[in-house]
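Shared chain: chain A. Partners: chain B in the first complex, chain C in the second.
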Partner chain A sequence: MSSVLERARRIDQRFLVAAAILFAVLLPFFFDSGSPFMDDAVLALAYVVMALGLNVIVGFAGLLDLGYVAFFAIGAFTMGWLGSTFYSESNGGDGIHILVTGAASNLPGIHINFLLVLVAAVVFTTIAGVIIGLPTLRLRGDYIAIVTLAFGEIIGQVAANGDQIKIGPIWDATLGKLPLIPDLGSSATLTRGKLGISPVDKIDLPFMDPFTSLNSRPWYFVALGLVLLVLFVNVRLRDSRLGRAWLALREDEVAAISMGIPTVKTKLMAYGTGAALGGMSGAFLGSFLNTVNASQFEFLFSIFILAMVILGGLGSVWGVVIGAILLSYVNSWLIPDVLNGLPGQLGLDFDLTQVSFAIFGFILVIVMILRPEGLIPERSRKQEMHGIGAGDTAGAGTDVELGEAG
Partner chain B sequence: MALLEVEDIRASYGMIEALHGVSLEVEAGEVVTMIGSNGAGKSTVLRSISGLTPAHAGAIRFDGEEITHLSPVEIVARGISHVPEGRRCFPRMTVRENLELGAYLRRDDLAEDMDHVFELFPRLAEREGQAAGTMSGGEQQMLAIGRAMMARPRLLLMDEPSMGIAPILVERIYETIGEISREGTTILLVEQNALQGLAAAGRGYVIETGHIVLSGPADTLGDDPKVKEAYLGA
Partner chain C sequence: MPVAFAIHDLSADGSLVRIGNNLKDGISNGAIWALVALGYTMVYGIVELINFAHGEVFMIGSFIAFAAFGWLGLDLTTAIPLLILGLALTLLISAIASGALNGMIEKVGYRPLRDAPKLAPLITAVGFSFILQNVGVLWLGGSQVSVPDLIGSQNLLFEVGGIDITNGDALSILTTIPLVLGLTLFIDRARMGKAMRATAQDPDAARLMGIDVDKTISATFLIGGVMAGAAGLIYALYQTTIWFHQGFEAGLIAFTAAVMGGIGNLRGAVVGGLIIGCIQQISDNRIGPEWTPVIVFAFLVLVMLVRPRGLLGEETRQAG
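Presenting the complex of A and B:
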């Protein structure tokens, strides 16, 4: 009986997922490809990828990460380093070009095909994720949040002051002497500080026309492709042995260790995966936004993404997708385009965009009051919020009752 | 050679040493009970064996192999399962999911073991899809034991299986412990409930403030005037 219901629900869910994907694929054909709505849609999809990445760390593994912006930054810088004229003196001024066509193939600097940049971004951010993860492994709860927050800030500061960090001479003296690794030129720096690396190469894919900033449709489909890939990864991880191990660690670490779950490896897998997904999205955004600058990598961005995850439902894959789309549109459309003049009309002297984080905070407070488990909650969170299994000895049933029954 | 040999181990929590040189042996097939009062070091002995609180001196050998400095994962993999103090079921997972996690390191088919646990504890079969946190303390204890059995241990370590449980269920759980033992699993259990613990065992140890003070056949220990006075309330 219950299995029939279960199956019916599962079919129902599959139908919903298929409908949502179809809707997402058809959506751009109802809007002008240069319309602001489409730009916002691309941004929303990129944020979905990022929120799903953070969901692995915070939702699945229960490790509160307040420095997720670090992975956005590293992904974006990978795009900036490997796809712009930033290192214009590299290779003696001739530049390096790998599988790029169009305008980029004649410019100085490093220009590498987007798909390869994506791979590099995943590699760099995974390494960064493991490095950030290692010191947090001995910590619990709030302490993890503080350490990750600090890492996010460090990366932000390095981005801001990277124009003072000359890597050229060191690079040339060591790495540049190796085969295949080109010199960068003596004036090469780590970042371009607040000015930012701009322009950044447009995505360049085989069998597709060169991307332009005027036509957002191809960007949309690349972002949608990333979303589908990341969704697949999320769902598979959630239902995997590793997913179970994360859940077990979240519920009771000592018991999980007694079962033979390797804590270090399991937690690092969460950081590594979450970081890699953030890095993918970061590389995409670097190209789409056409700039990689320090002001993008601030603490509030980590909170922005975390709010998406909490709004949708910690650990809930579909909830996080909805949460990310909603908050992204509130941020890039509802507040600046629709409601921005509202305070002015009421005779108040500010724009709504100036208080957008207050609005996110307000939305979160409302959600926490009305639906603390998020819009589409994950099962165990729902139980948690409704007081089931609060402690290891708390039980709803009693032994007296059981004794009589038996 | 005994299946488990613990030789003069010391273990500490931070600066405070909880075990000042503890030695004990468990032969294959035996049920051994260690009794002692609160804070005597009973749980620490089990935690040292399973690697949760590694011993910093002395040696622990399992089946002839030294396991003193192995990680908990490696120790579980060698066939030692630990039923932790306070049960520690995963409260928001179902009974079935808890049992599946007990077999985390195994990659083979679990159906047979699942059935076996449900045979040992029919109550768990009834509650298969229920969240563990909604069950009574006794049921959670059954689940904790069943979960440990899912790893197919050769040695089962049990930490106070009677703690905080209605007397009628304590008896039932001890009956099942006897059954598990008859099926060939070696058991080392620690108890504050000396009467119950010694009744289930062949041999026993008495631990006081980190030292073993007495050992011997369980019935002899139960008759010892000092034990009677200290633990049996006689």
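Presenting the complex of A and C:
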């Protein structure tokens, strides 16, 4: 009987997923390609990719990462470095052009095809994820949150002050002599500080016209493609050996270790995967927003993405998708466009946009107290959050500590 | 780091005045961080929660002190005896209000989640931190607000061997010492202090011994908030500018201080606060203030990496 129900549920779910994807593909044809709704939709999809990435770290592996903005920053900077006029002195002022067409192919600076930038962003952020993950391996849960937060802040501060870091001379002296690696020019810096790198090259795909900022439809489809790719990765990982190892570590580290799960490798895989997904979205956003700017990389952003994961349901792939779309629209449409005047109408002297982050803070508090498993909970998480076995989990942390001390 | 710069100064101009002034400023600032760190370390010691909103409680403490100056009519023309009375009253107001705020956060946000997985209350703490930051934005706006320089913070009080001790330094250090001593005495001697130590060691056993654990935890948050409120007043008088974002940075700095001193360890938190204060001042003065956050955060990571148990060792149940 139960197996029949199970099969019915699964068919039901497949139907839902197919319907959702069909809806997402057809959606842009009902809206004007330059409309604000479409711009918001592109942003929402990019945030879905971010949230699914963070979900791997926080939801699957249970490592609370409060510095996810670091991966957004590194992904976006990869796009900025490899797809703008920022390094205009590179290659003696001629620039470097790899598989780019249109206006970018005549400009100075480094211009590399978006797909290659995407690969580079994945490589860079995976490395960053592992580097950030390494120091947290020995720490307990809440200390991990603080260390990741600190890394996020460090990256943000380096981005803001990176115009003081001259990398050109060192680069030219060490790497510039190697074949295939061009010089950057002696005045090249790490970032453009608070000014930001802008404009950034638009996405340039084979067999398609170069993208423009006026027509958001192609951006939408690229973002949707990324979402589908990341969804596939998320679902496959969740149901894989690695996914079960993450779950085991999250639920009870001691038991997981005694079952032979390699903690170091498993945790670093979570950081690396989550970081790579954030980097992909970061590179996309760098191009879409047309700027890579230090003010984008603040702690608030990490919490914004975390709120999506928490609202949707930690570890629940579909929940996180819904949470990300909801909060993205709350942030880019509901608060600024619809409800912004509400406090004024109530006789209060402020705009709702001023308190948008209090709203996200409020969501975190309310969800945690009233429905800690999120809107669409993952099944095992639901049991845990409602007290079944919660005591065991709390005890496990202490045991780990004692074990390490002894 | 201080030693290296001291040697550098000696070789450069044969005097220790510059590093001395750096350290003096560091200790005055560090005293404020120490007061904030006490709240972190007490709360962590007893419920094992990083009270992420603690920095914001400190910020609200500053704001309340600023408002209290207005209510009490304290300004630059107030006569000195009245000023002292007024400041004492302000200290009382901001300390009690911050204590109450911290206690309220515990009741609403953390108590319902005491049996939930550990990450749950940490997430509500982050939520409260954002809510309070926006309260700050609505209260005094999004930029720095200058506070009347009631004590003449930068005015020279006296000079020792080329090191200028200002009114601000004296205020910071002379308010912190009695507060820390009082707190240590309270924890060591008072009945409630004993209950706190017992609950920190083993809440279940404490409950069996007839200790009201909920009340004890509430008291811990209250006292932590009181210390943050006092720190808020000192910060407002010492820095003479306040803004909504001061709590975020102060929170992270103070948390680093608490970890460095060994979380759960009161004396450690004070020592940690002073050390971080000195590191900040040296970095501000020698490297550039825009790099100070990077230095502090890198130091935080380093402490966590090398000595997660802290310099003086932790006194929580996990160590015992």
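Please note the rule applied: the second predicted complex is superposed on the first by the 388 of 406 C-alpha atoms of A that agree within 3 Å, B and C clash if a C-alpha of one lies under 4 Å from a C-alpha of the other, contacts with A are read in each partner's own complex, and residues count from 1 in each chain.
Criterion: a contact is a pair of C-beta atoms (placed from the backbone, for glycine too) under 8 Å apart; a residue touches a chain by one contact, two chains touch by 3 or more.
Because the structure is predicted, anything quoted here is derived from the model rather than measured.
In the superposed model, more residues of chain A are touched by C than by the other of chain B and chain C. After overlaying the two complexes on the shared chain, residue contacts for A:L66 are found with chain C alone; chain B is out of touch.
By the touch criterion stated above, A:A245 is placed in contact with chain B alone, chain C being left untouched. Contacts of A:V254 after superposition on the shared chain: chain B is touched, whereas chain C is not. When both complexes are overlaid on chain A, the residue A:V147 reaches chain C alone and has no touch with chain B. When the two structures are aligned on the shared chain, A:Q354 is found in touch with chain C, with no touch to chain B.
When both complexes are aligned on chain A by C-alpha atoms, chain A residues 384, 390-391, 393-394, 397-398, 401-402 touch chain B in the first and chain C in the second. Within the complex formed with chain A, the residues of chain B that make contact are 50, 52, 71-73, 76-77, 81-82, 84, 86-93, 97, 100-102, 104-105, 123, 131-140, 147-148, 151, 164-166, 168-169, 172. On chain A, the positions that touch chain C within their shared complex are 62, 64, 66, 135, 138-139, 141-143, 145-147, 149-151, 153-154, 157-158, 160-161, 164, 299-300, 303, 306, 310, 350, 354-355, 357-358, 360-365, 368-369, 372, 384-385, 387, 390-391, 393-394, 397-398, 401-402, 405. By the touch criterion given at the top, residues 48-50, 108-109, 112-113, 115-124, 126-131, 133-135, 137-138, 142, 248, 252, 255, 259, 290-291, 293-294, 297-298, 300-301, 304-305, 308, 317-319 of chain C touch chain A in their complex. Taken in their complex, chain A has these residues touching chain B: 241, 244-245, 247-248, 251-252, 254-262, 379-380, 383-384, 388-403, 406.
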